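Below: a set of structures, written as structure tokens.
Both complexes below contain chain A, partnered by chain B and then by chain C.
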Partner chain A sequence: MGWSYPNSQRDRMSGRNWQRSKNDLDIEAELEAGRRYGLNQRRKFMWGLILPAFLTLIFFEILPVASAFWTSIHRARLFDKSRIFVGLDNYLHLLKDPHFFGTVLPNTFLFTFIGLTLETALGVVIALLLNRKFKGETLVRVLLLFPLMVAPSISGILFSWLFNTQFGIVDVFLEAIGFYRVPWLAGRWTAMSVIVISDVWLWTPWFAILLLAALQVQPLEPVEAARIDGANASQVFFNITLPYLSPVLTICMLIRTFDLFRQFDQTWVITTGGPARSTEFFSIYAYKEFFEYTRYDLGNAASLLGAVVMMIFGIIMYRTFARITMSEREKA
Partner chain B sequence: MKKLWFIVLILFCLAVWAGPAGAKVKIRVVYQPFTIHNQQVKWMQEWAKKNPDVEIEPVPLAYELYYPKVSTAIQSPKCEYDIVWHNDDWGMAWIDFMEPVDDVENFKRIPRHLWDVFWADKKHPRASAVPFIGTSAGMFYRKDLITTPPKTWKDVEAVSLKLMKEGKVKFGYVGGVKYPHAYFTLLAWMWANQGDILAPPFERDKEVLAKNGWKPFVTDVTMIEALEFWWDQIHKTKTVPADFVGYTRTAAMAIFQAGDCAMFGEDALKYGDVNDPAKSKVAGKVAFTSFPSGPHGKGPLSWDVPWGWGIPKNIPEENKKAAKRVIGYVISDEVQLDMWKTTGGIPVTTDLREQLSKTDPLFREFAVATYKAPVLVMSAGYYPEWPQVHSIWNDYCIKALMGDKKDIKKVMAQCEEELKKVFKK
Partner chain C sequence: MAERGQLPLRGWKKGLWGFAIFLVCFFFAFPVFWLILTSLRPETEVFYVHAGTSFTLKNFVGAFNSHQFVRSMVNSAILATLATTCSLLVTVQSGYMLGRFRGTFRNTWFGFIYIVRTIPYITWGMPLYFITQWMRIYDTYLGLLFPHMAVHIAFFSLVMKGFFENISLASEEAARIDGCSNWGVFWKIAIPQVLPGIGAISLICWLWTWNELLFAMLLTSGRTTLLTLTIVQFVQEIGIQWNLMSAAAVIALIPAIIITIFGQKYVMRGLRV
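For the complex of A and B:
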């Protein structure tokens, strides 16, 4: 038996006057119930779709952070199972630690700033150089991708041997051209330079590839018009290309800022934060507190404090970049 | 009826298949992939071939990650490992989480000082790990270049300078310096000068240390002299590489194996590696001696402390039983003899040590340099805070070596303050 509209509905559709009988009311109630049922089903379906993501968020994001926070406000150490509530004592301990303020924070910000500047500048230069036709273009682009295929810890091992004073190619080269061998990993600033160089080597291609992709879809008309008007290369770059690249550049810089801020693997492999804790970053500090000293409370407090600093820093960066992007667009 | 027979047949097949599989106990062994551990695990697997009810699954873990990772595992509701490599310096940290193991086969043949460090606490009168090797350290030296092994720091410096001047080697001495590799440089030199991190020196009873207020000893002349020695070697005489403060034991061994250095501080158990022609240019030219004595020292120094196998409490009972059988086997004469012959590792059982001393001249040389050395030290702090104390002390020593020589005492005074904070409740 086929389905048909109830009388009342047919009447409404045809515009005919009608009077609702008891039968019609029943049918309407049924329809309403059906609608509700449908709505319920739709809601259930929606929840079904959201639930996996929601559960993932709860179990892998919210619960670990909550657990870390709980640990950070209790005394939790390998040998002390008392779990006494200590409030914000652990956070205060960190804020009073001269090593944290004198070395860890400056190192983290300095590394983030230098790394970001070099990677961005080199990335833009490489992208501009590659955005033209030349022989071996494909090969160069493939080679450019090579560092991206290397795991950060492997790059750490690679660079620690490259800069090894006895066996490293860098010192052999320096000696060959008449310089002394440099004990790279024995001083704070030389060791920090090795970490920065290794990070720049690893991540500059990432910048270059993304910026190159943006450059390749850049409309040529404004550039040609500017050239006809007599603009030179640097004027074209600063007034047309750079504003055009700024949204992509902003996102790239934001992502890399967070990455640099929480850098761990290369530093751990190259210096483990040494010599004498002089190249320690946020992440290494938290790791040492947690795993090396087995002070889980302080380790968690350091991680959460780092996350808060990173969040504040991220918001400032985002707003600054957004403002720059807007003004560049307006200029353009 | 046919259907019923079919079901019975399936159930029978399942029972046959599940029977032996269910009875087989899988033992997961976690260790750092070091020559000596590899040898032990190889024999565990050999044993499992003859004992089909047990299966061995090796889980190698990097040294730098080992302690934090396994510390977390043994505290979890169920440990993922059944046998864990246990270092003497973690005895205190892990004691509450480890199964008593002094009932394993062959355990009674091990001298008490080797397993004492795995409990060393009146609350825990039973050993919490079975020693499988005596990790005795000292110096490997080039016997083709050095006829009389150096006995004092002065000898080490003099021999180094002479050989470097003659162009025979690039450096006099190498060893690990950065944390946790400084046993063969900073720690050995401090102990060889009768120094220590906490007072009274060489005391390992934590009750005595506690009674003494966990007082640091790092500003004592014994410590300062040791650091001044290394400062001179790095900055003045240059008998060690310029980037010495960043050295791991692996980096140090690479230089010695390359033939660039005359002396190399390490555990005796590395003899197999430095004497392997496939890995080392100096194979066949290597001898072993104790660490040289400092100005306040009482003679050449070594230590005779164990590495052991432990069984976590938080694993099933049947796994504990199987794990004890496996461990009992790897301290048997068969395995211990193979360990000595293939790696240079000193066996743990008293009677086997005595037997080898009588019959094997090379072992006699190693015995004199290690567990029979004039001065023996327990080469760690056997209290829960040791990893932290060790790391802080090591970092400050490196800081002192990187700065001016006249500031060494000042840096170590800062170290003293930091160490005091560790014990402040």
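For the complex of A and C:
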């Protein structure tokens, strides 16, 4: 077995894959390379490249996850060193807990779903709006980029001030136009919507910027051909632009799902899970179980459940995504 | 004329489009504008920000004088700089491995990073509370540095992979034929070609470490307290003094403001997926 670089420039230009593009010259070069850097040396080089990253991940991510699993099958408290084996009791406790099952999990899934939908839809709309030349283009783009640089916790502060019940500008405005004041952070659904709005504010620009970048290099011939054939704007969008965007869009949505699902910072700042623990997501729940109620085992079990859900989702999505990109490539 | 495949807008459609752009700008600019305005108002007038006319810079003095503020700011800056340097050194290598090789070993590493990316922070953050204590690096720079590095490896390896895939192989092959070692090719030929990308990522990396809250909550207690945590504790302890609060938040936003204004084109490059 010789060695080869993947995706070499030549392969990409010829549009063929490596196996088929081999000719005598390539084989000779490969043999030469194989002689100089034998398989062993290549392996060594690859290990050398990833070793620091690998060790960091093992000691500071995999080891903690293993430790979390180990504590989650024991009875463990924050200030008590003893560990008593209890099997899956902690998980059963969680699944029987009406608070976890009836509030925390629905909150997490609902938040992920609504946040993702809003951010994707708004991101697509904004990217389409901005996809033309106009005065002040750069200014708008700077404005869009800015939320991405803002700390999630600061965004939490921003929105808890805007939606402050007594002095927040939103309520002042509502009163001024003849509405009544809404005690935003005092109810479950209003508080949830404030959290959603703050997340939409923070992350929609990410979608918009990446989609805009893709739109700006979109090949225009199909669009123009469709127009000449009499297609209207929505037909062009749904039949040409959206399929063209779908690879970028899918990967953006995938990454956002991971991050929405584990969202912590904004919720912690805006509601700390309140009122009456009704806006807790699973990471807030786990954190509180650990540090406020000192139930380290339950906290770990909850956070592991979340991790497992995301891992399974991630693997399923990876396969779907591989299929999408593959079919796109076949079309091209 | 039609630009970028769009038909020109006329009449009310153009008006509607302009209004939509205005709404977008308003939605994304207003919260920060409001925060800055609040931070400039004297304490007594903070409750009718929209109506008063007097302005002051006293809040910023007050924020700087508050407990541990300056110290946590310095801590955050040091940690962000340390984490950026170390993370990039490690991540560039892993990205090169992903972008340049093919085969089972590479795919396994890719899968590993992808799985690690899906694990929520809280899952491995909480056990780290004990593990860093066991390693005797709890509440030190080191104890915060490594978890942040782990986050960055998972985030940026894949972006780096994209950078390396987009540069030409020719010069690397030429150097190899001239007898350059694997590491020599990596450091002297490959790295210089992706420096702009690395620059972009380093800005984002720095800012994300500066912005991070959860690890600061889990892994510090007093000695290496970080800025986001100090400000959040502000909210929960003196939540009524919105003038001080917003001044502190504005100070925390300064790096973000600088980077957006001056590094705008640069940062865009590092944001892709």
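Basically, the second predicted complex is superposed on the first by the 262 of 332 C-alpha atoms of A that agree within 3 Å, B and C clash if a C-alpha of one lies under 4 Å from a C-alpha of the other, contacts with A are read in each partner's own complex, and residues count from 1 in each chain.
In this text, contacts are C-beta pairs under 8 Å (C-beta built on N, C-alpha and C of every residue); 3 or more make two chains touch, one makes a residue touch a chain.
Remember, predicted model here, so these are calculated numbers, not experimental data.
Of the two partner chains, chain C is the only one that A:310 touches; chain B does not reach it. Contacts of A:181 after superposition: chain B is touched, whereas chain C is not reached.
Using the contact criterion defined above for the overlaid structures, shared-chain residue A:146 touches chain C, although it does not reach chain B. In the superposed model, A:79 lies in contact with chain B only, and not with chain C. Of the two partner chains, both chain B and chain C are touched by A:166.
More chain A residues lie in contact with C than with the other chain of the pair chain B and chain C. In the superposition on chain A, A:274 makes contact with chain B only, while chain C stays out of contact range. Residues 164, 166-167, 272, 290 of chain A contact both chain B in one complex and chain C in the other. Listed in rising order, the residues of chain C touching chain A in the complex are 3-7, 17, 20-21, 24-25, 27-29, 31-32, 34-35, 38, 46-50, 89-91, 93-94, 96-97, 100-102, 105-106, 109, 112-131, 146-147, 149-150, 153-154, 157, 165, 168-170, 176, 182-183, 186, 207, 210-214, 217, 228, 231-232, 235-236, 242, 245-246, 249, 252-253, 255-257, 259-261, 264, 267-268, 271-273. Listing the residues of chain B that touch chain A in their complex gives 64, 67-68, 71, 75, 92-93, 170, 178-179, 241-246, 251, 254-255, 258, 260, 384-385, 387-388, 391, 395-396, 398-399, 402.
Residues 78-79, 164-167, 181, 183-187, 191, 271-272, 274-278, 288, 290-295 of chain A are the ones touching chain B in the complex. Within the complex formed with chain C, the chain A residues making contact are 4-9, 33, 36-37, 41-43, 45-46, 48-50, 52-54, 56-57, 59-65, 67-68, 71, 126, 129-134, 138, 140-155, 157-162, 164, 166-167, 169, 172, 201, 205-206, 209-210, 213, 215-216, 218, 220, 223-224, 227, 233, 248, 251-252, 255, 258, 261-262, 264-265, 268-269, 272, 282-283, 286-287, 290, 296, 299-300, 303-304, 306-307, 310-311, 313-315, 318.
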